[in-house]
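Please find one structure pasted underneath; my questions will follow.
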Amino acid sequence: MTDTRIAVGIVGASGYTGAELTRLLLGHGGIDIRVLTADRKAGQPMDTVFPHLAMAGLPDLVALDRVDWSGIDVAFCCLPHGTTQEVVAGLPDHLKVVDLSADFRLADPEVYARWYGHEHRAPHLQPEAVYGLTELAREAIAGARLVACPGCYPTSAQLPLVPLLEAGLIEADDIIIDSKSGVSGAGRALREGLLFTEVSEGFHAYGIAAHRHAPEIEQGLTRAAGRPVTVNFTPHLVPMNRGILSTIYVRLAAGAGADDLRAHLAGHYAGEPFVQVLPDGTAPATRHVRGSNHCLIGVFADRLEGRAIVLAAIDNLVKGASGQAVQNMNLMTGLPETTGLEQAPLFP
Amino acid sequence: MTDTRIAVGIVGASGYTGAELTRLLLGHGGIDIRVLTADRKAGQPMDTVFPHLAMAGLPDLVALDRVDWSGIDVAFCCLPHGTTQEVVAGLPDHLKVVDLSADFRLADPEVYARWYGHEHRAPHLQPEAVYGLTELAREAIAGARLVACPGCYPTSAQLPLVPLLEAGLIEADDIIIDSKSGVSGAGRALREGLLFTEVSEGFHAYGIAAHRHAPEIEQGLTRAAGRPVTVNFTPHLVPMNRGILSTIYVRLAAGAGADDLRAHLAGHYAGEPFVQVLPDGTAPATRHVRGSNHCLIGVFADRLEGRAIVLAAIDNLVKGASGQAVQNMNLMTGLPETTGLEQAPLFP
Amino acid sequence: MTDTRIAVGIVGASGYTGAELTRLLLGHGGIDIRVLTADRKAGQPMDTVFPHLAMAGLPDLVALDRVDWSGIDVAFCCLPHGTTQEVVAGLPDHLKVVDLSADFRLADPEVYARWYGHEHRAPHLQPEAVYGLTELAREAIAGARLVACPGCYPTSAQLPLVPLLEAGLIEADDIIIDSKSGVSGAGRALREGLLFTEVSEGFHAYGIAAHRHAPEIEQGLTRAAGRPVTVNFTPHLVPMNRGILSTIYVRLAAGAGADDLRAHLAGHYAGEPFVQVLPDGTAPATRHVRGSNHCLIGVFADRLEGRAIVLAAIDNLVKGASGQAVQNMNLMTGLPETTGLEQAPLFP
Amino acid sequence: MTDTRIAVGIVGASGYTGAELTRLLLGHGGIDIRVLTADRKAGQPMDTVFPHLAMAGLPDLVALDRVDWSGIDVAFCCLPHGTTQEVVAGLPDHLKVVDLSADFRLADPEVYARWYGHEHRAPHLQPEAVYGLTELAREAIAGARLVACPGCYPTSAQLPLVPLLEAGLIEADDIIIDSKSGVSGAGRALREGLLFTEVSEGFHAYGIAAHRHAPEIEQGLTRAAGRPVTVNFTPHLVPMNRGILSTIYVRLAAGAGADDLRAHLAGHYAGEPFVQVLPDGTAPATRHVRGSNHCLIGVFADRLEGRAIVLAAIDNLVKGASGQAVQNMNLMTGLPETTGLEQAPLFP
């Protein structure tokens, strides 16, 4: 009997997006996890690094340069920003690549250089990379060899904003995106500011007017609006593990009201398995999407005339990272899009 | 085409064990959730009560006395302790019943009356009820019509202790069970002590030498030891949603050491899909079983001569409640025992 | 020897603001706590209701109608909104009253009636009531008999915004106040949404475009701007006990920049013991004011042209409630304003 | 006018015990903080390292070897274990030294070497060092030049156990100390296991039968019992910032009952400002001592015959570290023992 499962390698499997990807792929059914790399932890069993993945029979972690990619169908890259571009450039051509880093998200090399502080190291691949916001680019993703999965914040911002801009229901300037994220969005890096004692029982903003997800959001909104868009994007750190809530303040196009926005989004996402537009008066909460690939969207009238409030909630590690990566892989390999992503959220 | 799925009703679906059961059954594949009852919330859609379960197409909540049980195969009872016995007595005979309350756990009606403050109201059913600690009673569960699922704390205590007592590796007296639980174990009741502000950033013991799970544990250990066992059981409340860690202090039988205990448990549970005995030096952590049906067990030598330390971690809502209930239902209906329970833990 | 301490009664001492007031007054030095009322818990010792206040020798809780107010100098009212107005109307005239509820905050009875759903029941007292945002109304507070302490959110919003509007540095329309609060702001009420399991590991907005602190903020900003001001005010619930961070998006007046705003605020609050304007690039965090009467303010340039971002952090129970109440009482009784409020924040 | 305040230096001020000491000393009234050292952060203002201490006018951090100790009365040492002994040996003789590390806690150099893996580097100072468990060694502390403040866990264990052993009310063997601590006990070190995402929503034991606080506890209990005592000490990590609860399982001496233990402790600690023995049926909770120097003790009868359960709660950073250090300094300098430590706990 032939194993018809798709053979997968995860590059950079010792971080949280790698672990979450592994969790989702273990429940996928059509996947064989064949390679897990982590250069600094090479040689260790995966369940030493992530004990919650014990009992799954995973391969040990190996160094990237020891991997034999023949026989592997898909590589997921979960490396830190800036290190991925050269790695991807070095992978054999037969591999489909789903990249979770920021390296191939910005189509304009000048914008990349300005925000990341160095020239892009694989510019020849950038034209090929498809920006993988699944619901808004299905066809291109299905035909892509290299997909750049969106950042967590940009996913939460673009899912509601792109359809509204395309429909001309909101103004393209004066968009304010006040986002709040759980701590796993910062990864597993050893930084003082991520210690339990520094995060719990407190709240603050960071990267104010300087976060690298701003140009990514602007790229998507610019395409949707058909003209250059600059946004306010202000991220905050919430003392919780998972979840992003973006509270977005928009100016209505002439004649439009909050109900129009809600109705348009509801129509746009009707039938979508992972995006739900909530009825008037219901606010999305991150706890209701925890562990799932869902995005909840709510729209409220503002007391400020001519404005509306749009809220979107996702799990940053799932729809904001590894879940959307699996969703994209399903499209790229011809599998049903929801495979491996059907589990309900975990609450409480 | 005939629907060969098992038709299920959940009595008391508006609490956390009901919600967790629903979550697990939605991912089961072989189940059709046909009835959800909640007397005080009758008429409400399930996703008003539990928004995380939206998008699943669940039936609305109904009052228990409005349920038509014909065509239903299995009833899960998730009612508060003390109210279940009459409800179960009133259910039609064709139903298999998986009870998550404490009502049918204590075989001795006098013990029940002493700890619960009233005579049992369905004593004729008690002889029929099988105590559903799955790994230790598979055969009886498979043949049962009424299964009493163990309490969360008793599950964490008995899984390691029963095999050790049966093998005569530990003394039956002087067992001290220091348990720590997340807050969901207390259910969704409106009590001041369960408010976020009263629980977070703090830790305390409760029900000291007076918790109703003590006689349940003693019943199981008495059977295993073949003579009356009394235990110290001291529960504590941890500022987290899910998880139980029981740290158990035992006196070794003459000639036995901690390594013998670990080896015996490892052998006893070899091949079990949900119980894992950790290697020497590795301590179980609740975060590594979060959202899963797993139980992790560790054994450590004590510096006190003649003693050992046994630790067990479970998710109180899964292996400690709804997950074990599904595991038992699988046995009772002839399904593979792990169906619906294969998902990996959620971390972080 | 005469006791020269001020005799104080706390009406409604069984809630969190009552407890926090007690904590602060115990460390004040010039205060004798003589009366603690709580109608439903009358007869109980305070340390049954708040064990952390044991060892302080506090009087037992009594019913309000049993209090002998002779000999008492100051009454703090910590009752729920809507119940205070009649209570205050019934207090003897010799008492100075510091009210922590919303009952006397809104000067316009029509605005009160519209937002609270009933006519004000002590309208004759409203003209007398001084709105107690201490730094902005010292003189009036010092001469007042009845002070209405500001709400927690309005304190965090008005401290930065009022000076900026008065100076004409920002536009009066298009002010967006995205606020995030710890759970203690909701009090000790038994509501499902305040259970630990419902709050922890999650984040959501509530009271969107409908929160009663909006008109209170607008009243203050209207006075400062000299013309009617409407604001966007969107509160969110953070899984932490204490703290408010308000992220405020403002439109700059012609010619003004973020640096001008920061410089103006720094000058305005120079020498203030409890308000600190942070240097450019430093963002306020709630954990750095925990347990203290401090307010931290930061100002950032926005990438949106003509806009700036103003952030303010307070402890909702201290500067947002009981601390500001003590600060006002100090002024009303001629004590140094900082007495009892000098303690440093508690971190971690 | 002469400044009669005591001049203080804090060695190692950039960790949590240093910050907590600073917080307490700022509210002390009789202290002038003149020196703050931190070798790796030398040159930085203290409020860069600990923003919650801004507005206090503290001196900048300096390197230890740059300190002029003339004119300084007391040095607090908040350095990591193992580095303190040489530092203290190098301090001038006129300084009184309050050491918060473990370096001078163990009187027996062989025990030190066995548990810390190297010979003690200032053995000549060990005979001089007084073990500073304040309530149990007041006289010696008052006369000491060098005080070794107890560890956080040992404080919580010895305060209840020493008087019980001295009175012969409990057996000296078979003492099981199951302790649970908040995360600040681990300090501010960058370790993966201390990240928010690794700690929150989880619970585990660590250092099982191998924690260095075990010999420290045993030293104290051996003195109290008059014969060698070995204990079980099992620490656990609680997802909270502050607090230790030790649940201690003891075997009663012949003829003694839980009520005798409670009565003896209540008598022993009668009049103590910081130790409170709770009435029968009341369990101590860490949240009721948060931020304070209090220790709450409860005693419960066990269902196991001949056993009792003793519980003690402290704030690990206050009574378990910096608060007890201030208490000791007060004794060493002839100040009232409670100065600077009178503040009530912070709840919620």
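Going by the order they are written in, the chains are A, B, C and D; count residues from 1 in each one.
As a convention for this text, contacts are C-beta pairs under 8 Å (C-beta built on N, C-alpha and C of every residue); 3 or more make two chains touch, one makes a residue touch a chain.
Because the structure is a prediction, the values reported are computed rather than measured.
Think of each touching pair as a link: the shortest run of links from chain A to chain C has 1 of them. Chain centre most remote from that of chain D: A (centre = mean of CA atoms).
The mean-CA centres of chain B and chain D are about 39 angstrom from one another, to the nearest whole unit. The centroid of the Cα atoms in chain B and the matching centroid in chain C are 45 Å apart. Work out the mean CA point of chain A and of chain B, and you get 36 Å between them. Among all residues of chain D, those that touch two or more other chains are 16, 184, 197-198, 200-201, 239-242, 285, 287-288, 290, 348.
The touching residues of chain A, when paired with chain D in their complex, are 16, 183-184, 188, 190-192, 194-201, 239-241.
Looking at the complex, you find that chain A touches chain C at residues 173-174, 176, 178, 180, 182, 197-198, 200-206, 208-209, 214, 230-234, 236, 238-243, 245, 247, 249, 283-288, 290, 300-305, 307, 309, 311, 313, 348.
Residues 16, 19, 22-23, 26-27, 50-56, 183-184, 200-201, 241-242, 273, 276, 282, 285, 287-292, 294, 342-348 of chain C are the ones touching chain D in the complex.
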